[in-house]
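Next, two complexes with subunit A in common: one pairs it with subunit B, the other with subunit C.
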Partner chain A sequence: MTAIKIENLGRIFSTTTGTIRRTRKDITALENINLVVEPGELFGLLGPNGAGKTTLTRILSTVLLPSSGRAEVLGMDVVRDTKKLRPRIGMVFGGERGLYWRLSGRDNIQYFADLYLVPPEVSRKRIPELLDLVGLTERADERVEGYSRGMKQKLHIARGLVNDPDVLFLDEPTIGLDPIAARELRAVILEMNKRGKTIFLTSHYMYEVDELCQRVAVVNKGKIALIDTPSAFKTMVADLEVVEIECREVSPEALARLRAHPRVASVTMENHEGAQSLQIQSPGGVESIPEFVRILEGSQVQKVITRQPTLEDAYVKLLGREALNS
Partner chain B sequence: MINRLRSVLRVIAGSFTMQAKERATNQFFVGTLLVLPIIFTLLSVGTYLYGGKGNFGLYAVIGAGMMGVWNANLWTSGRIVEGERRGGTLSMLIASPTPFPIILVGKSLSNAFASLISLVVTFATGLIAFRLELDIANPAAFIVSLLLTLISMTCFGLVLGSTFVLTRNAGDFMEAANYPIFILSGLMFPLTILPAWLRPLSSILAPTWGNLALGASAGLVADNPWLIDLYLIGLSLAYLMIAQTLFKKVEYLVRRDGSMEVF
Partner chain C sequence: MSQWIQLFRSGARTGWSNIAVELTPATVLGSRIPRTILQAVFFILISYAAGGSELAKFALIGNTMHAAVFHSVIEMSVVIELEKWLGTMPYLIASPANWFPAMMGRSLAGYVEGLVRILLVLLILVPFFGADLTALDLLHAAPIFFVTVASASALGWLSGAISLPTRWGMLICNTIGYVMMLTGGVNFPVTALPPVIQWIGHILPMTNGLLAIRAVIDGASYADTSGLILNEIIIGLVYGALAWRVFTHRLNVARQTGNIEQF
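Coming up: the complex of A and B.
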């Protein structure tokens, strides 16, 4: 039996525009999604904001209904079999909402243990274990309103595990966390996967998916653009090198000439306090560096380095640089 | 079956405790329990005394007490659902294995029992501020009627609470419904003053029968309080059935429209 099976799934949201004359408008959030996740797999769903990641997670965790197609989790239909399915899944949505701030961390987990019908003799043992797993034991009896964002996110994870779910849905669990808190949380996610949990993780952090996931699906504008392992995904850009150039005052003309260069696959530019960082994907990048620098003449080139392509580079190649900036 | 019942009772107890803990940290709610009943009592008893109807003091106190109880229950049906939606916990509760009405029962009962404080404050205000003689004719019937009133108002709150999952303005709706409920339930003045065509509406409201049962136990009206208590039990069961049916439809609608997290 598969952990998750999705067939031709679609979801349309209706919205209205105008105040007096209201016009209904349908927005397609997901279109014809097909996907299979095996038991014990740590599966990543990658995509820009608004791609449909959260919508898919909410459908799979029985919060939303699909508009078309069907989805099964642990062999149970997410629309019809909610009564049997809900005790066996856990969900963690990113952000600080979804907790009772006036209660302590322990009270929050205890309450959800009750709602998930966890027998008291089990919850008495499990709650301290979960608090220990996420490193909140010492602060467990303090009110959540005094927790940092990272602590709240860890509490979310502990809450999502209180029923010992077979499948755990994590929707952008490290969003807004500082690097250390995010790293600690990723360690917890890996540990849960080692313990046999199937994990369905959404993220738009490429390094996170690269580090954690055995397979990844890239979703864009409601459709799946690719499903593969992160290493296979990276082979899309295996023939490329990435040249990073730090400079100042890059003119639009220079940028356009760079993009039009026959040995350039793509260029992304980030601004940092008046300086620009150009990421140029190029076959045989090292040999082309003198040409790139010549094109950027007058742009005060300060540093040039080359590196191997990452998952992010593959993502940019697949979806275009707009996806990265969204 | 017994295990299932134990689980349900555990959820109700858990929701009851959780709501009590949250409420204890909410100074506004504590104010609602203590201050509003005094205002309601001063308003009601004062109006009757000014109108020369001093013998209606106990009636006014019971009415004011019921207003306090109802006001505390507002939190159940309106503010609780709105609070859960704003806090992002509504979708978690609805996607949990426990049916949402059972969760609401625990939270509602917690508020209903806390609202007893309002009743005590109301009686104390009547005794201290107006030196009223608050003699209860049938104390046993009064206590039973009070408990059944709290339960039936909780069940009424469930019907409203289940519906309020659909809207992001639940609290505002309840605020707006406050005084119409006071009037329609006879809490501010006797129902006989109301036009006849409004009375059928009064007869389906829990506060109407709660107020009547308490009035009858106190000896203010000639009706048999035990019979009214029976009606309260029937009304509570009807509310429960309506809430359960309604919530199935509501859950389908919020899952279809994706409106659980819109606020």
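Coming up: the complex of A and C.
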């Protein structure tokens, strides 16, 4: 039996525009999604904002209904078998919402333990264990409104585990966390996976998916663009090198010339306090550096380095720079 | 059954914790008590000006009941709205428990606060206006106050359930509160209203309960008012059952439309 099986899944949302004359508009969030996740797998779902990651997670966790197709979790249909399925799954949606801020961390978990029908004798033992696992034991009796963002995210994880689920859905669990808090949370996720839980993780952070996931799917505009292991995904850019150029005042014309260069696969640009960082994917990048610098003449080139491509580079190649910028 | 009790207790604890944070001396003395008293005072003064102490007594009893009922209706809706504001709704939807006992527990604090409001209004305004009401009369009517606030709470649940996938939860429960004030015999007798309005009043909670309370305070026995009390209980049960059915339906609508957190 597979942990998650998705067949031709689709989801359309209706919305309205305008204030007085309202016009109905249908938005396709997911289209013809097919996916299988094996038991015990830590599976990552990558994609730009609005790609459909959260929608898919919500359908799989029985919060939303699909518009077409079907999905099974642990062999149970997410529409028909919700009563049997819900006690066996857990979910964590990223962000600061989703907790009772006026309650203590411990009371939050206790409330959800009750909602998941965890017997009191089990929850009495499990709740301190979970608080310990996420490192919140000392602050467990304080109201959540006084927690930092990282602590709230950790509490989310503890809440998601309160029913000891077989499958855990994590929707951008480290979003907005500082690097240390994010690293701690990733360690918890890995620990959960080691304990045999199937984890379905959506993320914006490529290094996170690269570090944690055994397989990854990239979703864009509601469709699956690729499913593979992170290392296989990276082979897409194995023939490329990445040249990073730090400069100032890059003109649009220079950028266009760079993008049109025959030895350039893609260029992305990030702004940092007035300076620009160009990431150029190029076959044989080192040899092309003098030419790239010449194109950028007048742009005050400050630093040039080369590096091996990462999962993010593969992602950029697959989806184009619009995906990364979004 | 033990699961229902566990969920009810857990809901009650959560509801109480949410309200308890607000119960500081500043908010209680500066807002909660004045808000309750001043609305009643406003209508009692109008009634006194219009019809003297008898009409003022009528308005005092009516507004005491309405203060509790209005609060109760709003609090039940707020339980649902709060879930949307906090973003906890998706987690509740995906939980395997039957929500009903948990929501009943969550709204218990609102029900108790409604009863406390009755006590407050009576304790302060009866001596203040020198109303012809004895503590014994009021104690005699106390069980009907309990029943009436409970049946109004059921209408509050219905209001919350209807508004589940929408953004007009507070609007609908406020409208219900004002319709009850208009049709329930709060400031003037129900019989003074047009027949259609009277009919609306009698299918809403509070109207029958308030009639029973007035009768008991004026010396009627419980046997004499049993029909009114029974009506109030039946209305409460019907609204409670309707709330549960509508809640289940609206939950599915929310899952279909994706309007789970609309507020």
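Criterion: the second predicted complex is superposed on the first by the 326 of 326 C-alpha atoms of A that agree within 3 Å, B and C clash if a C-alpha of one lies under 4 Å from a C-alpha of the other, contacts with A are read in each partner's own complex, and residues count from 1 in each chain.
Rule of thumb we're sticking to: a contact is a pair of C-beta atoms (placed from the backbone, for glycine too) under 8 Å apart; a residue touches a chain by one contact, two chains touch by 3 or more.
Here the structure is a predicted model, which means the values were calculated and not measured.
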Judging by the criteria at the top, classify the pair subunit B and subunit C on subunit A as clash or fit. clash
Going by the contact rule set out at the top, does A:Pro120 touch subunit B (first), subunit C (second), both, or neither? both
Let me test your reading of the model: by the given contact rule, A:Arg97 touches which partner, first (subunit B), second (subunit C), both or neither? both
Using the superposition on A, tell me which residues of subunit A are in contact with subunit B and, in the other complex, with subunit C. 13-14, 55, 58, 61-65, 83, 86-87, 91, 93, 95, 97-103, 107, 110-112, 114-117, 120, 143
Subunit B residues touching subunit A - in the complex, by the definition given at the top: 7, 10-11, 13-15, 18, 21-22, 25-26, 87-89, 91-98, 103, 252, 255-258, 260
So in the complex, which bits of subunit C are touching subunit A? 3, 6-7, 9-10, 13-14, 17-18, 21, 86-88, 90-97, 102, 252, 255-258, 260
Residue numbers on subunit A that touch subunit C, as the complex places them: 13-14, 55, 58, 61-65, 83, 86-87, 89, 91, 93, 95, 97-103, 107, 110-112, 114-117, 120, 143, 159
Which part of subunit A faces subunit B closely enough to touch in the complex? 13-14, 55, 58, 61-65, 83, 86-87, 91, 93, 95, 97-103, 107, 110-112, 114-117, 120, 143, 163
